[in-house]
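Note that chain A is present in both complexes that follow, paired respectively with chain B and with chain C.
This part shows the complex of A and B:
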């Protein structure tokens, strides 16, 4: 038996270059494996972005008040930014568990962080597409005067990152597929109905506003409104900090879940 | 394979006595109730979430509603709680039966298929009761309104519940792929919650959308329920009963048609 000299052994793949290569491959793999769902994603984003903007307007007798219009116009883009990462992708992981492909995907010869990065990239592309659709719909339907500032870039990136991290944590930490599905649907319902994202906080009970202060969704609303709303918004730095904290905590949970050996 | 006559499919091959049908119906009812008890809490929770939950949420979006607006919101809540039960949970259950392979087993039971359908619809109507009562209680408590409940509440709730379950069952039988059924029901809920004049007057909607709703069942569900819970808010109730009856019949025909095409 001839053993290969040490110099000819395959080298350990590590470092930024190899990570980047693995990320590109993982992104291609993620998109390819979801290719049947891509039309569905487009439908979800358009329904969410345009559908909510137009639908909320029907709640009002006559023209919607300008304050409501501001919250709807700046709140719906948030839904479009989180819907893929927080609602859709955890369900994909749940489906993998049901189909017994979860362990296979986890066993791929690529850093597991690339999976999150690929996931985030997909969420960002789909979310920005939906966000633009919602902003166009809002300006056409309500003639709202939005002022897009450069802060929209960090705001979009961070909102999407926080929701992707939270979705990633839910998808990997919750091992019961049924529970994952219910959790993501209830979260969606909570954000749209019980978080001051698409309507001002003073229109809901004070205790619910307090509950929301510890959650990331009200902060997403503050960050987005300050970036595109064209009105002065208070507590922006705190909102960025809350989002960063939720991102960090979610990633910690996700790392613990992903590294756990069964 | 030859299509067998619809009547033979639904009532069994040999003409039985009504007593035989009644016995089979009661046995099937027991079977359905015991086999579906696991998802009962889930169904009630979903009904309350979408019924009372939406009535509360609408109030967050539109504060300072006039009294008539609040009554509209509260009296629309039962319809919002019945729609997901009939049009989401019933198709989802059928989809689950298809995935698990129990769908064919149920059809192979020695009970006429019409009786099975009647049993499923009865179970759905029974299950609707706690969810609807809880929804109404929560919504009236939240807004502090008093409803004037009339005896019409019985036919109104029976027909709306039966219609929703019949259409849901028809959809589940017509569309074989559970994934597609899931997608359709999700889009349906989205449209019902945002684009249906259930909790808000039709006059707030664009004319074309209001016209579309004249032919769909959702608005009419709200009308017959509202007429039984309030006075002076709902008009043209007779037409709404007719439209709901037609949709119920359409659901039954769809189920019967699919069943008569089976081996």
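This part shows the complex of A and C:
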């Protein structure tokens, strides 16, 4: 027998308990929606983590200098930590716009913050997987002596949060899908090629160092190197502050974009 | 041809709605009052000055299936997107019981279920999984959602595709899964934008049964369509919208009062044929593709058949049919256009 679907007035949901429940369901929805892409994500994380660690070594004739090894070993994990949030996430949002499913997703009954939280969780899990792969590869390839300290936890959480927030902001604030895709790719190339993440800043032109000082990627490098590099690193507190500021600003933009009603 | 609504052609816009639409969910007047969706003087002007909604007022009561009928670009989708909180009105109000949905779009999302015109994002989800997860996202408890999911799959005859990924579903089946997602745990208002797109005639009937059941459960169902035949058979009341304005509102029968002594002559023109000259006894006409629909007085039936037969004999038309007027004729009178669907289409 088919029952009447609406027996009583729906209860308006609010408060932490309802938010947590919505977050769990939205995480299930997000993971299930990406089911077809999860093998691809695993490949991306392995290729990014292991591939870059091995690939950067090819730049050197003979053994890589220890300073370069340190930067490669502590820099590549950052790429694995941001790739889902900063690159993949905005492209998924862009795809929703192209497929005309964006309105439906925006109309879903769960708080929109739970969607961000679900993406953040996914970014974190995938990123940590890639990070571990890259550290193992670095250890085997270069025999680097990394010292993982408890600071790796806040560093990882914050790097992931900053990249997810930035990716979420780009995805929702830029309404042209093509532009979103270009922007996320440009950011990726910028980080790999023009940010002091996988190589020291003193190998870059001074003006590019100055540009990077206002961006979050050099700060990601500093906090991660200080957490696992086993060497003293200066400017750690400032780097955390820059990352926190970027996270906050990105979240503000994301909130404004996702709540925007034209 | 165009015309304007007569005094009995639907309810004149601006008077209080609700008469003639008593359904199961409206038995309790207090409940009806609490759950009515009330749109008042809604105006939406887009940034470039395009007026999408121009002073629309309407009310949809619980238990009622209310049709929003109009051609593409009439402003129907803009209207429902404002109800669900995706667009902000330029002016006017939208209330659901005690809630101001314009001021609180997050409440609108909780209280309204929305099936958009486009397909839902379920490529990687199994059909039953998509329905269940949506029910949970809408706040349903796991046991009830699972039970309702099973019921909907049975009621819509989707059992064959229960564990099929969305990407492997046909357009029509995917549409039905989308409908089940929206109604597994329906809000106080259920908005269905062209729900029968791509759905085969057999399952359309099942879909309408289920829509009626959702309304019977107390939801106010807003059906957006440009399919006049569908609207005529499926809704309790309807509004005809064009150019952002609500032209008329009433029960399907009330729209046909004016044309009780009239008949519709449907002529299937030969492909490529030009518009035949309309004889004076044709009260109004409209052409969509090769379908020519003319409204005539009952007394002119014999003459009209003779005229249609001449068109066939001259090779201008392939066939013709004479029948009672339908809502389509009122629609033509109001908008000056025929419905975009095949006039022989089936609900």
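Note that the second predicted complex is superposed on the first by the 253 of 262 C-alpha atoms of A that agree within 3 Å, B and C clash if a C-alpha of one lies under 4 Å from a C-alpha of the other, contacts with A are read in each partner's own complex, and residues count from 1 in each chain.
Criterion: a contact is a pair of C-beta atoms (placed from the backbone, for glycine too) under 8 Å apart; a residue touches a chain by one contact, two chains touch by 3 or more.
Nothing here was measured: the structure is a model prediction, and the numbers come from that model.
Colleague: Both complexes share chain A, so when I overlay them there, do chain B and chain C fit or clash?
Modeller: Superposition result for chain B and chain C: fit.
Colleague: Of the two partner chains, chain B (first) and chain C (second), which one does A:238 touch, if any: first, second, both, or neither?
Modeller: neither
Colleague: Could you tell me if A:35 is touching chain B, chain C, both of them or neither one (first, second, both, neither)?
Modeller: second
Colleague: Contact-wise, after the overlay, does A:203 reach chain B, chain C, both or neither (first, second, both, neither)?
Modeller: first
Colleague: Looking at A:189, would you say it contacts chain B, chain C, both, or neither? Reply first, second, both or neither.
Modeller: first
Colleague: Thinking of the overlay built on chain A, is A:109 touched by chain B (first), by chain C (second), by both, or by neither?
Modeller: second
Colleague: Roughly what angle, nearest 10 degrees, sits at the C-alpha centre of chain A between those of chain B and chain C?
Modeller: Seen from the centre of chain A, the opening angle is 90 degrees.
Colleague: On the A-aligned overlay, A:101 touches which partner chain: chain B = first, chain C = second, or both, or neither?
Modeller: second
Colleague: Of chain B and chain C, which one touches more residues of chain A?
Modeller: Of chain B and chain C, the partner in contact with more residues of chain A is C.
Colleague: Looking at A:22, would you say it contacts chain B, chain C, both, or neither? Reply first, second, both or neither.
Modeller: Touch partner of A:22: chain C, not chain B.
Colleague: Quick one: is A:56 in contact with chain B, with chain C, with both, or with neither? Answer first, second, both or neither.
Modeller: first
Colleague: Just chain B (first), just chain C (second), both, or neither: which does A:68 touch?
Modeller: First partner only.
Colleague: Just to confirm the value: shortest Cα separation between chain B and chain C in the superposed three-chain model, in whole Å.
Modeller: So the smallest C-alpha to C-alpha spacing between these two chains is 14 Å.
Colleague: Considering only the defined contacts, which chain B positions touch chain A in the complex?
Modeller: It comes out as residues 49, 53-54, 56-58, 60-63, 69, 183, 187, 190, 193-195, 200-201, 203-205.
Colleague: In the complex of these two chains, what residues of chain A are touching chain B?
Modeller: 40, 47, 51-52, 55-56, 58-61, 68, 186, 189, 192-194, 198-199, 203-204
Colleague: So in the complex, which bits of chain C are touching chain A?
Modeller: Against chain A, the touching part of chain C is residues 34-35, 46-47, 81, 84-88, 105-107, 109-114, 116, 118-125, 129, 133, 136-139, 147-148, 151, 154-155, 165, 167, 183-188, 213-214, 216-219.
Colleague: Looking at the complex, which residues from chain A come into contact with chain C?
Modeller: 2-7, 9-13, 18, 22, 25-26, 28-29, 32-37, 96, 99-101, 103-111, 259, 261-262
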